[in-house]
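After this come two complexes, each holding chain A, first together with chain B and then together with chain C.
Showing the complex of A and B:
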């Protein structure tokens, strides 16, 4: 729908960002081996081939989170999305993929016109971000133990907490190394990504 | 007298107080001098009054002291009287005491004499006591000796009694053992009989079994032969059936054969025709292909022809359309070359024009930048000038105000000066004078500073206003201002660095995931994969723990069960309190029973052997008269019943061939004659031994 229109509306931008998160989270799960690679299937999007999970419970969880996230993006009340990877045995946080979201609140007004930015440039930017995420595998430390992941959302304080959501801690890694990755913007939402990982001399023991 | 003095004092004090409490009026300097003379007289009067008061006070005190002295003398006299009385009393007491003392001394002497006599008696008594004690001791010793003798006798009696008891017990035990052994022997004999009978039965069974087996094998062989014959017959039957069927088919086959031969001949003929026709068809087909190809080529050629005709017409028309004098292609090429040349020239012009345009644009941009700079500068200058104008106006106003103040103060001072000349100087006037002078100096200095500042400002605005002199003062001002500027700049840089550091820290915290709890909240889905995984893990851990506990209990029970069996002689298995216990197999039970029974048997046999051996040895000892002990391998020690000492023994060694040799011992040295006679001459050891026993017996009985 947004590809036929010339400009980007707030709703269209929220959909684009939510779609990016959905594919991005799937590729991170595949790259870091949280779920076995045989449970993933290849699809084409953003002019590149991406890996998407086929496990129904995981997909159900992701659709729940992403749909809620889309609503919040439309209301411009979300500040960050964090994917936290924890070691199951010791409950230590090993990796933190943080996506900062800056929303241009002036687009919320009904009088504002759609912004002029072509879908193709946005998709190019998203593609470069996902390629960079894939490339981070070279320097991130190996996850040797069984791990599980969680998605945290940093929202405004005055937001009403929906039914199935609850408050949580920030789950910060102690002694972490941070690397800032590329960012992309739809001219209404700007998403910058970074990854923080636990330093290897104090890694989780098997 | 005192009261009169007091009243005069009080009255003088009252007058003094009233004089002091009168309010002081602010006086003019003329009244001040007259007032001072009054004050002085008053002061003198007051001093006189004070001196009078003091004198009165001293007189009062003197009288008081006199009175006190008289009182003291009275008290002194009274005290003396009392002391004299006391002294007389004490003298009387003293005389009484002396008399008593003499009485007591006489008594003491009498008592001393009595004491002396008593001491003598005591010593006599003591000597008698010692003698008696010695007698006692001797008697005690005798008693102790008798006691010890009695104790030893008692001990021997008890030991003999114990020995008696032990011997009786031994006898009883031996009786019991003997009876038990007889019983066992009977049991074993019965078991033996049973076993023999069983053995015979089994033998018979074996024989019957063998016979049956042989008959069985014969039967089996017969059966196999019959089976083989059956199979052969069946095969023959099958062959017969197939042959019958084949015979029926023969007639049909003959008919078919005829038909097929006719067909064969017909087909051979037709084959030749077929080959001929095939060749013709091939030739025709090839011709057809060739024709079709030529047709296509024709079509293509015609199309080409049309195209070429059109082209030619176009080319011919070119000359007409362009309006040039073209009849031949050479003209066309010439025209083309000309056009190309024109094009090249135009391109060169184009490039030069582009380069000119670019340079012009650059110049324009530079000039624009300069213009903006100049505009900003002029704006700044204008602002500065306006500020300075405002400052100048303010300063001028201040100067006016200050000059007015100064004039006023001057007039005040002049008025004061004029007034001062008529009267004397007082300290307060001096002070005021000094203050006024200070104020004047301050204002003068301030005024001078203002003038200097104004000059500085005017110096700064040199292009706009007229320049002033006094450059030295302005330089000082400049230096101070420069220092201020440098300080401010340094602070600014420091603050900038701090700011950068804080920003970096903030950025780092943001990257790590920190957040401001006042503005943000962290949410996550309740049923998220990590919580689900944790729950699963916990459940797994719990199940594993339960398994572990059950397995441990199993292991413990099995270990206890194994230990119990070793201790008990039972056939039953210890059943644990778990539902997962494995029932031990029957084989294990049987084996365990067998093991126990065999162990018991071993033990019994050992006991029996030991007893038999002991019996045999005692019998030998009794009958032969020698106790034979095996000291080491092949060495035998014989001790006689009638041996005089415990160590008297004969050593015999078994040689390699089996002969016994007597070894030398101390006892054997005493029997040298008998050794020679019986061993060397007669070469009979039993004779030697019997001779030794007879000799020892003879010795024993004589002694």
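Showing the complex of A and C:
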């Protein structure tokens, strides 16, 4: 990782954020039951227990996406990453995890010095976001139907679309509620998270 | 204002390996991943969620790719020049009707969007108030729109306890995940060849032991709380973490004095109430902390009737709630507009504090 004890470089920041997305996506897929829990294994990272998938095809897919994402983070050309969960049968969007990314483009300048923020502090902030992702299970509606997921990346308009990528619609939820999670910052990239979910009936049942 | 952007997704499919994807690229775009919900999530039909907060519609108008309605009239061309005045009048009438319908739909959509925007705005205002109260007063209020059962109130306490332990970093995973993980490890051990002796890593064995111990302690406390709730109304529960009873490091109170209790099937469904409760707690962000929290023992105290006959909990007649540490209060109450007939003036004079004889020690990996 290109980061020094004294601070974070743009490359190091892109790696940290991409790594967060990798673990964060795995956490969401595990917590929301998109894949069976027995297909996950426990690892320790950010000084906490995390669940990561053991499915080779899923991992291959995520590796490809995150790898491309890292490039875009380095170029400061990515604005959002969105994980969309849809009902397999009806194709209805049930949940939408949105990660807004702000990049301090002055870090791209060759004269830019590493930023003074410790990796430990960044990882502490990331840890609290991942704990919050876990915590959302306590109130998000149960996903009772079989679901699939998609990863959408919002990039700058003038970006050249690489091979194996295509334009997509935003896949918005019809009538949603949303909550914001904590954000974290590397001092170069700031990631703000939120989850939107399909609003359910407000009537109480007795 | 959002910057203009492209929305991209990969043409790869998590179901298809990379060397297949080139050959099946069209299919892979259409294919969807089958998912297998875990057993814990395949349950009886989901109970309606209790959303006491206003409804909201996510408005991302800059992202919308839905076509805007137009008011272009339909037109018909007549190539051979025949007199089509009457036909034209019929068409004009139809066009007018269609146009009126479209206008009506547009007005309804606008009104729907406006009311949805209002609801969204109301939810945001409520959420902001929740955050403010939590920060400034250390209090989170959850108002249920109806009464709950005694069992429901026990479930609130047990789930809050588990949540506090995880979010305050006393458990490396949630309680349910720990139980699942332990079961899986046990099954793996049982499946291993019993004749083969394999040395277990010391660290792994130590963590296993601590995990089992913590789960036992927690399950004991939860079980005994359930017994207590069956014997007495429990208007307040304290979770004291670290330090001593006189000066804990952290103090959380679950206050249910204003919760209206009913018996049988009369109350709101606990699961719906729990969703509302945890959404509110989440928004309040009372428990999460970016700083590491060290392991510390958690002691549970509960206020119950002095003559309830509980055996496991120990009465603490002289106990007073510590005042030199900030008491973070989670106040659960029933909407005061609920029928006054159902409300009785509560009298807590004969209620005393009981302390769990077991502390929950917590562990980390």
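Following the convention adopted for this analysis, the second predicted complex is superposed on the first by the 196 of 206 C-alpha atoms of A that agree within 3 Å, B and C clash if a C-alpha of one lies under 4 Å from a C-alpha of the other, contacts with A are read in each partner's own complex, and residues count from 1 in each chain.
Methods note: a contact is a pair of C-beta atoms (placed from the backbone, for glycine too) under 8 Å apart; a residue touches a chain by one contact, two chains touch by 3 or more.
Just so we're clear, the structure is a prediction, and the values are computed from it rather than from any experiment.
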item: First, second, both or neither for A:135, with chain B first and chain C second; value: second
item: Partner chain(s) touched by A:11 [first = chain B, second = chain C, both, neither]; value: neither
item: Contacts of A:157 with chain B and chain C, given as first, second, both or neither; value: both
item: Partner, of chain C and chain B, that touches more residues belonging to chain A; value: C
item: Touched partner set for A:45, first chain B, second chain C, both or neither; value: neither
item: First (chain B), second (chain C), both or neither touched by A:115; value: neither
item: First (chain B), second (chain C), both or neither touched by A:199; value: second
item: Doubly contacted chain A residues - partners chain C and chain B; value: 58, 61, 64-65, 79-80, 86, 88, 96, 146, 148-157, 159, 161, 164-170, 172-173, 176, 178, 196
item: List of chain A residues in touch with chain C within their complex; value: 33-38, 42, 44, 47-49, 55-58, 60-62, 64-65, 68, 79-80, 86, 88, 96, 121, 124-125, 127-128, 131-132, 134-139, 141-144, 146-157, 159, 161, 164-170, 172-173, 175-179, 182, 184, 196, 199-206
item: Residue ranges of chain B touching chain A (in the complex, touch as defined); value: 508, 510-515, 517-534, 537
item: Chain C to chain A touching residues, read off their complex; value: 3-18, 21, 29, 32-38, 40-43, 45-53, 55-58, 60, 63-65, 116, 123, 127, 145-146, 159, 163, 166-167, 172-174, 180-181, 184, 265-269, 272, 274-279, 281-283, 285, 288-292, 365
item: Contact footprint of chain B on chain A as seen in their complex; value: 58, 61, 64-65, 79-80, 82, 84, 86, 88, 91, 96, 98, 100, 146, 148-157, 159, 161, 164-173, 176, 178, 180, 194, 196
